[in-house]
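Next come two complexes built around subunit A: one with subunit B, the other with subunit C.
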Partner chain A sequence: MSLAEIWLFLQQGVLSGMVTGSVYALLAIAVVIIFKTTDVPNFAQGEIFMLGSYVALFLTLVLGWPYLAVIPVTLALVAAVSGLFQRIVMERVLASRGVGVQLVIATLGLAYALKGLVRQTGLGDTPRSLPPLAPTDAVVIGDAVLTRLDLVIFAVAVGAMLLLWLMFGHTRVGKAMRAVGMNPKAARLAGVNLARIRALVWSLSGLISAVAALLITPKILITPDIGHIAILAYAAAIVGGISSLPGAVAGGFVIGVAENLVGLFISTNAIVVAPFVAIMVVLLLRPQGLLGGRLQVKKV
Partner chain B sequence: MKHFRRHAAAVLCALAFGAQAQNEPGITGKTIRIGLFAPLSGSGMAYGFDVLNAARMWYDKVNREGGVNGRRIELVIEDDRCNANDLVAAVKKLAEQDKVFLLNGGSCSAAVVAAREYVEREKVPLVMLNASGDGALYPPSPYIYGAFSISQHAVGGSMVQFAAERLKAKKIGYINHDDAYGGWNLEAARAQAAHLGGVDLQVQSVNPNITDVTAPMLKIRAANPDVLLLTTYARPAALIIKKAHELGWSKPIVLAVNGTADLKQLVENVGAKDAFKNVYIQDVLADLPGSPKLRWVYDMYREAYPDLAAKPGHPQTYMPYGIPPAMAVVNALRAAGPEPTRAKVLQALESMKFDSGVMAGPIEFGPRDRAAQEAAIYIKFDGTNMTLVPGAFKSVWQYKQ
Partner chain C sequence: MTKPIDRILLAFLAAGLAALPFVGTGYVIYVANLLLVFVVLALGLHVVIGETGQFALSHAAFYGVGIYTAGLINNAWHPPFFLSIAAGGLLAAALGYVIGALSLRMRDIYLALSTFAFGEAMQWVFLNWQSVTNGSNGYRLSPASLFGYELVSDIRAYPFVALIAALLLWATVALSRSQFGSALRAVRESEVAAQAMGIDVNAVKRAAFTLSAAYAGIAGGMYTTFASFIHPESLGFQTTILILTMVVVGGIGSVRGAVAGALIFGLISELLRQALSFQEIIYGVILMGFMMFAPKGLFADRARAKRPAAGPAAAPARRQRRIA
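The block that comes next holds the complex of A and B.
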């Protein structure tokens, strides 16, 4: 491999990786906020993302709606489904003194239900893509080639992350979510309605997943089995520190870039293995993740 | 008395043979029961739904013409969802519950390969539909025949032959899957390149679930081949064609038949029609779909399924592939005579050779050859129009123990 080739691969690998990484980062945030506030790993994360893609596909391809209408309806619908699931199913499991395993199984149930629902529509019979949100003509940055759509994806994803940062740091509801994540008992004593906040967190997670779906679906092809993309979100969350929001963002970018660099410099066969190697390396060298803070010992 | 004894012996012999045939599962004096299966739902439906319909219409035609040696063909149909677990469950149900005489099914290679162990253990003849199923065909099994569309080995070999012979390529970019499917077509592609001599293969193998194809496409572009061959499924193929267009690739791209199940959807998924300026697709039919040579197949479909034919997207691209396997089953049953047994049918299949009038090459088996079809045609496809490239291109790969 010549030096010029190495330089080209580096530029293209990093820039393309940042674009896909920004979407993984959004999905990782969706995983982390639920985990932080409910201690439940949401195994329906990929299917909620898939639901967002198929709602947008249905509105665009079947009903012929323009994006201006598709975007708000998709966001609202997926957020509502997620919030209602927490309110109707998860709260009932909690009320019946359900333990963590039961809650996790409930999320698995949601995953299968959503997949089955989408299969019933017939839209999942063939891999499909959304029309691009922005033109796909090439933009040359250094020696690397991206598209305008890539730049839009990156900008919107980063913009969404900034909004989330503002919300968690500067709004009452954001602070309440953080309080529930840190110490639910204390939050309840301070007057926070735990059930309401948990439903809001699930809705927010659904909303973020729908944003990710709207951004990436024009670039990839989806089937009802696309939920496996959540593995990348989990990888990003673990690499960044499973309870850290900035860590989820960093983890997303690390996974996105690592996938490309491994494919370019090692082997294209190894692309799908790269996230798991990243998890293992991080767990060995820094078990709490890149930005997971100090290891804490809980008294039980 | 002498006459009576001779007649009685003849009658007893006939009864004995008849009894032998009727002892075979799925055979009665008037019917032969066949288990037909394909993906009839789910995301793999495009691979087999209309393929099964085509096989069924051929069996219906045979029944209308009097059946096989006086017996009607009775079909039991199952949905395998293009999935190994569902396919094995369907095969078990057909063999054990419905007691079919033989199995005719499988449109998805990875799924149908999973049935090999069961079929061999139960000694049920399996004639695949359009699955390549190389994993079930090699090493040769006495009970399994397939690759009526084309074997996966032949896919790779034929594509290299086309690229070298027709497109005059010396350096060939090749993207395949990193699974058994990709391994088989690459094995034959390498054999073909070695056979031709002076052909350099630049290979990138990708996972079928890959979502970002930047790395493989960038590496292919850096290798600067004369042509790019894609033997991936439709989803990665669309991503690669899209990425190639984004990266300004203008050399020929040849897409294997594996990725052409729904060309309209492929164009929609790629998004830019310009991406198809220099694209060829592999096909395994005798001529362009819908051409005069194949019109009878499409007419027959329209007549058999008028409601379905009126729907958009039907007949599906692979529909004609269902006819040759049904022809092979009927020919084998005929050759097995009025008292068919599974052993006789398997014997007939092993030496079978006929021109289906549907596929690019003859349907031909041999003692060590279980793949029916090993040639392909190539079509220039600009996103809308198709132009046939003259000639059929055959793979030279042969199974060696």
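The block that comes next holds the complex of A and C.
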């Protein structure tokens, strides 16, 4: 491999990686906000994302709606499903004195149920893709080639992150969510309705997942097993320290770029295992993640 | 097992197992063998999650190691089958020891995620180590044998599978009653308190991981005595979750819960094998339903306090309630 080739691969890998990484970052944020406020690692993250893809596919391909109608309906529907799951199922698990394990298993139940429901519709029998949101003509940056769609994906993802940042920093509900994440008891004493905030956080997480789904579904082929992509979101969240939002964003980009570079320089076969290796190495060497705080040992 | 319910359950189980070869046909015996393998897998996960409270999600990986080790040895040398099963158990145990030692630094979510990642990585190895596992084409297992007696059919393997499962069930009960079992539960309830009592927490955790992996490895070996084919597809996260479901729905921390869960869910998964979407929906609904209305499972052990990976707030409240 000549130097010029390496330079070209590097540019292409980093730029393509930033695009997919921005979507992973969104999914990682969706994982992290739930983990921070409810202490639950959401194992249904991938399936909620998949639900977003299939709702959009159903509306576009079966009902023939235009994007202008598909986007708001998809976002609203996925957010509603996610929020209702917390409100109906998770609150009930909490009420019957369920703790960590039980909550996680309830999310696994949701994952199974969603996957089965989507499979039942038959829409997932063949891999499908949405029509492109934006024209797919090539854009040359340096020596690398992206498509206009890639740029739209990146811009929308980063825009969504900025909106989230504004929301968490400057709105009442955003501050309430952060407060619940820091200390639920104190938040309740300060007048925050915990159940409401938890449902809102799940809705918000569903909304973000749906955004990610709408962005990436025109670019890749979707099957009911696409939920596997959430593993990359988990890898991103862990690399960034699982309770840090800036960490999740950084982690998303790191995983996206690393994935593309591994694909270009080593082999596409190694892409599949790379995130697991990343998860294990990071957890072993720096369990709190690259941007996480100090580890705390809970006493009796 | 002093409670009457245990004696009754055990008697039913033993009678059913003994009667089965005389009434069951080939497929029924195959399912029985499979359920016994699931029982051993569930008991193994029970040791690490139920007794020790370590949320490990790599059980299918150890199961796979057991299957491939026993299968490869059997295909190559045709030793008496218990030797290849033992080899599978030992290798899985060794791997379990390493993972246990590496996992000492982690707890709760971090432990779950790193063991999950390890499980997925192992499935990748099974899929891609072409020269050994034959990769995604699956691996053909030739019949196991015992001093010339070939286990060519499910019914021939059945007595041995049942015997091994019974031995391991006995071992699990003995373990949970022993002092070592108390040490495991002490670590589950509170590492700090266990340490204060003079328990070597790290050694106990390593031992739990090793034992749990050994169970899974032996289960893999049992599988090779009656099955003729293994595909890496069935050694992934799905299988780990299936076993986790058995343990949790059965009742975390309860041996009879693990056994009952293995029988029920093993049966459901085998019966619904053809209808994937229904299987998934039913699973999902059962999981959510149980967690909503009976989070402690079918056989919650009410005599002892159960507190698997509890949040900091839950513990004191429950303790007070029990005293009052």
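Keep in mind that, in the parts below, the second predicted complex is superposed on the first by the 297 of 300 C-alpha atoms of A that agree within 3 Å, B and C clash if a C-alpha of one lies under 4 Å from a C-alpha of the other, contacts with A are read in each partner's own complex, and residues count from 1 in each chain.
The rule is simple: a residue touches a chain if its C-beta (ideal position, glycine included) is under 8 Å from a C-beta of that chain, and two chains touch if they have at least 3 such contacts.
Computed from a prediction, not measured in an experiment: that's the story for all the values here.
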item	value
Subunit B versus subunit C as contact partner of A:V192, first or second or both or neither	neither
Partner chain in contact with A:K115 - subunit B first, subunit C second, else both or neither	second
Which of subunit B and subunit C A:L133 touches, first, second, both or neither	neither
Superposed model, subunit A: greater residue contact from subunit B or subunit C	C
Touched partner set for A:V272, first subunit B, second subunit C, both or neither	both
Partner chain in contact with A:M161 - subunit B first, subunit C second, else both or neither	neither
Contacts of A:L57 with subunit B and subunit C, given as first, second, both or neither	neither
Touched partner set for A:R92, first subunit B, second subunit C, both or neither	second
Intersection of subunit A interface sets (partners subunit B, subunit C)	119, 269, 272
List of subunit C residues in touch with subunit A within their complex	49, 55, 102, 105-106, 108-110, 112-114, 116-118, 120-121, 124, 128, 190, 192-193, 241, 244-245, 248, 252, 276-289, 291-295, 307-315, 318
In the complex with subunit C, residue positions of subunit A that touch it	35, 39, 41, 89, 92-93, 96-106, 108-117, 119-120, 185, 231, 234-235, 238, 242, 269, 272-273, 275-277, 279-280, 283-284, 287, 297-300
Subunit A to subunit B touching residues, read off their complex	5, 8-9, 12-13, 16, 20, 119, 124-129, 131-132, 136, 138, 145, 147, 216, 218, 220-221, 223-225, 228-229, 256, 259-260, 262-264, 267-269, 271-272
Subunit B residues within the subunit A interface of the complex	41-43, 45-46, 178, 204-207, 209-212, 214-216, 218-219, 222, 234-235, 238-239, 246-248, 261-262, 265, 268-269, 271-272
